[in-house]
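The data blocks that follow each hold one structure.
Here come two complexes built around chain A, the first alongside chain B, the second alongside chain C.
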Partner chain A sequence: MNWRSLGDVLISGVTIGSVYYIIALGFTLVYGVGRVLNLAYGSFFVWGAYVCWALTAGFARLPVIVGGLIAVPLLFMLGVAVDRGVVNPLRKRPEFDFSVLLATLGLAMVLDNLALAIFGPRPKALPKFGEWRLELGGFVLSAQALIIIVFAGAFAVALALFLQRTRTGMSIRAVAQDPTGARIVGIRLNRVYALTFGLSVALAAAGGILLAQRFFITPLGGWSILVKALIIAVAGGMGSLKGTLVAAFALGMLEAFVGWQAGLLWVMPFWFGVLLAILLIRPHGLFGAAGRRV
Partner chain B sequence: MTMLEVEGLNVSYGDIQVIRGVDLTADAGQLTAIFGPNGHGKSTLLKSICGLVPATSGIVRVDGEEVQGRPTDQLVARGIVLVAEDRHLFPEMTVMENLRLGAFSRAARSSEDANLKLVFDMFPKLADLRRREAATLSGGEARMLAIGRGLMSSPRLLAVDEPSFGLVPKMRHVVFDCLRQLADNGLTVLVVEQSTGRISELADQVYLIEDGAVVFGGDTAAALQNEEFKRVYLGQGPGGVE
Partner chain C sequence: MIRRRAYVIAGCIVAIMAVLPLITGDDTYTMRLLLISMVWGGLALSWDLQLGYAGVFNLGQVGFFVCGAYASGMLTIYAGVSPWLGMVAGAAVGGLIAVALGMACLRLTGIYIALLTLAFFEVLGPLLTVGRPWGTGGKSGLLPIPPLSWGGQPFSVYDPLQWYYVALGLLIVSMIVVVVVVRSRIGRGFIALRDSESLAQALGVDRFRSSLAVVGISGALAGLLGAFYASYQGVLSPRLLGLDLFLFLIIAIIAGGVGKFPGAVIGAIAVTFVTDSLRPTGTYRLLILGVLVVVLVMFLPAGAMGGLDSATARIKRWRTRRARPPVVDVDLKEP
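So, the complex of A and B:
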């Protein structure tokens, strides 16, 4: 084994893991709070990257960080609109768990094909955050890797503080833990659902922009991310923030390792193998207290 | 002064009518107790008054203004606050966080600190437990927290569903005495109970509900003279409870 390569793999694992963390957070948050298993999640991930691309390389020629900081709030608003227009009307009907699955699947088709129609099938590349690099004792840390880690970390910390310290954040946790209790204290569930969906989409979009530093943007690029988010969320125990953190970094690291040792073709089989193993061994996830929530 | 007036309230779950034309009034600063057997619609009545369950028809007035059909958050903002029988605390939050969320409504925020002091004065135990997660509380502690959270909403009408359920007798007395004290301080208190016991001594007004309809309503002295009330609740005759 080559130690320098191992160092690169570790850096790569932390970089991917940090993005997987915020992506899985968004996915698990909207499930924990609103019981929405959002199959369009990967499409929002892709759309975040496309909007950022349109604002930078595509049309508006803004610096990439500015483009990202505009794209994420835009996607937040799209998320709020989707909750109000598509998801929330289903809540009043029976079988919400299932109907929302079908509705978000349909939405994913719409979003993917819109992306195909607007941006075309050819992969798009987002401009790099920077071309400089840090060299530390032989290990190389690229600007992208560093900025990805910093931004993902900032998003994660900001979200945690928001949920723990602010009144609105507490109301989101309250709805996750007991929706009737939340109504009793005067929390408007519909507002919390819309806000949570918006936050979730914003996290997907941020993840899409950050990963577009390493991968091309394609109309169907979100599906593998949806699968990974789902697997991380299941591994961590749906709705558990701590479990999601551990699972995201562990699986990000393992993915980098598998890619290095076995080749990139083995990355997706690895993920499905993980899913299989979890469902067989610990169906409630790593932090398997059943029912543990946000 | 009449604070709450309910007129001809009907509530159904699907095809099943649970509340049948209930008329009820509760006066400011009084403790009004609603008795009735299990499964006869008492909880539904409270939930409907507090906007958690929609009524099919009927009128609910608060201070003379009709409020039926309004969403819960608007009712909470007007001080109509429910303490549910199954408590609905936030299990993975601390006692303190649960109390703070009680003051979620804009109307309650300005008096959050004053209300917190009131709650801790009434239930000193909660002050000791403030950092504990609600899920780890005993039944009595959780009941105190549920009432405390209700008080944090700056209620003008506190609707308390079966406060004695699952509590040891000593704890029941603590809870009932505190409800009486709240009424004496000017709060309108509406209590639902299955068994009469001590609460009938403390209540100013009593309603008896059977099969979703009021079969008796009046002040406590009259209730103790009433044949129907005595038959069902004081064990004098067939069907006695407790």
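So, the complex of A and C:
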């Protein structure tokens, strides 16, 4: 076994693991708070990358970090609008779970094909964050990998602080625990739902921009991300932040190793096998408790 | 629950489909469209049995269809089995895989089932692609799958008439299976669970076992249809597991009415022709279909059959109001 390539694989695993963490976080957040299973999640991921591409390489020639910092708030607003326009009207229905599944599925079709119509089927490459690299005792840490890890970490920490320390964050957690109770103490549910949906879309978009450093952007690229986000969320225990963290890094590492040894096509079968194994032993995921949310 | 009206509509669909070749028999294109709409109708019906009646959010139904298709295709190509036996094998494989997947996920709550079955659906394509050394044909596809035959004479590739009536037969089989399941002890158990979960469970309705039975039966139906599809097309590729068919069937089920027999069949036939007429719009076709899904879910959640129900209810109310003698409004208060 080649130790240098093993080091590369480890770095690669940590890099994708950190992005998977924020992606899965957005997915599990919106499910934990609003019981929304968002099948358009992968499409928002792709749109984040496309908006950033349009701002940098495509039309306006902004530096890529500025483009990203503009794209993420834009996608946040798109998320709020989608919640207000599509998801919220369904909330009163008795079969909300199922309706929202179908509505977001339709939305995913709309978003994907809109991207196809606007940006075309050719894969797009986002400009790199930087060309320099760090050499540490033979291991090479590229600028992209470092910046991906730093940004993903910053997002994760910012979200955790927001949820733990601010009043708005606390109201989000209150709604996750008990919507009726939260309403009694004067929290406006619709606002919290819209905010959470927007936050989740923003996390997906941030993940899309970060991963576009390593992969090309394609109109249908979001579906594998959706499946990965849900495998991570379920394997870690839906709504458990610690579980999501462990599952994201473990599965990111698995992906790097399987991709290295067997080829990228084997990644999904391996992920699925791990998921089945976890669920057979712990039906609510690694750190999930029965009936607990966020 | 299935109303008497639903049986009449189902009978009408079968009758119309049976005589349509007399009118369109020469038009091969329309015949093929009608034929495939019946296959999708059967598949949508079997899916709706889980989504609408059993409340199982299975998103992997197309996976069972593809498993049945590949099982039959590989058996007929490599083992030289007759395609008719291949259909039996397809049903068996579809049912077995459905039961295996069901055992893994049906003890969980609804959303987890949706996640796991979607993961199964997404993972099947890569598996079939890397399975090339084991004879799945890989990316380029599995071919040539032998056609069905009758009396030693294989069905014509150019004239779809024989295929058409086999597809009609399969549609009838799907309808009968769905009706029998819904009216059986299992189907009544699901109605009881929906009305009062705890009472039904106290009376001995086992959600897990009933769901497993429904998923197995509808997986077998999907496998059967898949095997027919394999033989009819003569070639299979993992592209079937793309989003097109998946979304197409979902739209068919919503448009027809979730859990409203035989809405899924009506939806499948309608959506087949709608998507075909949208063909000139090219890339915008799926965009239009997506908008259609969102609009349907938001404004017509009960689909065509549900719309029919509420329309007849409205007419009935209007009639009874008219039939009633006029109410004389007596004002008792003195001015």
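Here is the rule we go by: the second predicted complex is superposed on the first by the 294 of 294 C-alpha atoms of A that agree within 3 Å, B and C clash if a C-alpha of one lies under 4 Å from a C-alpha of the other, contacts with A are read in each partner's own complex, and residues count from 1 in each chain.
The criterion applied here is as follows: a contact is a pair of C-beta atoms (placed from the backbone, for glycine too) under 8 Å apart; a residue touches a chain by one contact, two chains touch by 3 or more.
Here the structure is a predicted model, which is why all the values come from computation and not from measurement.
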item	value
Touched partner set for A:Arg183, first chain B, second chain C, both or neither	first
Partner chain in contact with A:Asn113 - chain B first, chain C second, else both or neither	second
Which of chain B and chain C A:Leu136 touches, first, second, both or neither	neither
Partner chain in contact with A:Leu265 - chain B first, chain C second, else both or neither	second
Which superposed partner A:Ile281 touches (first chain B, second chain C, both, neither)	neither
Which superposed partner A:Arg167 touches (first chain B, second chain C, both, neither)	first
Touch count on chain A, higher of chain B and chain C	C
Contact set on chain B toward chain A in their complex	50, 52, 71-73, 76-77, 81-82, 84, 87-93, 97, 100-102, 104-105, 108, 149, 153
Residues of chain A that touch chain B when the two form their complex	167, 170-171, 173-174, 177-178, 180-181, 183-188, 292-293
Of chain C, residues touching chain A in the complex	51, 57, 104-105, 107-108, 110-112, 114-116, 118-120, 122-123, 126-127, 129-130, 243, 247, 250, 254, 258, 283-284, 286-287, 289-294, 296-298, 301
Touch list for chain A against partner chain C, complex	31, 37, 86, 89-90, 93, 95, 97-99, 101-103, 105-114, 116-117, 220, 223-224, 227, 230-231, 233-234, 238, 263, 265-266, 268-269, 271-272, 275-276, 279-280, 283
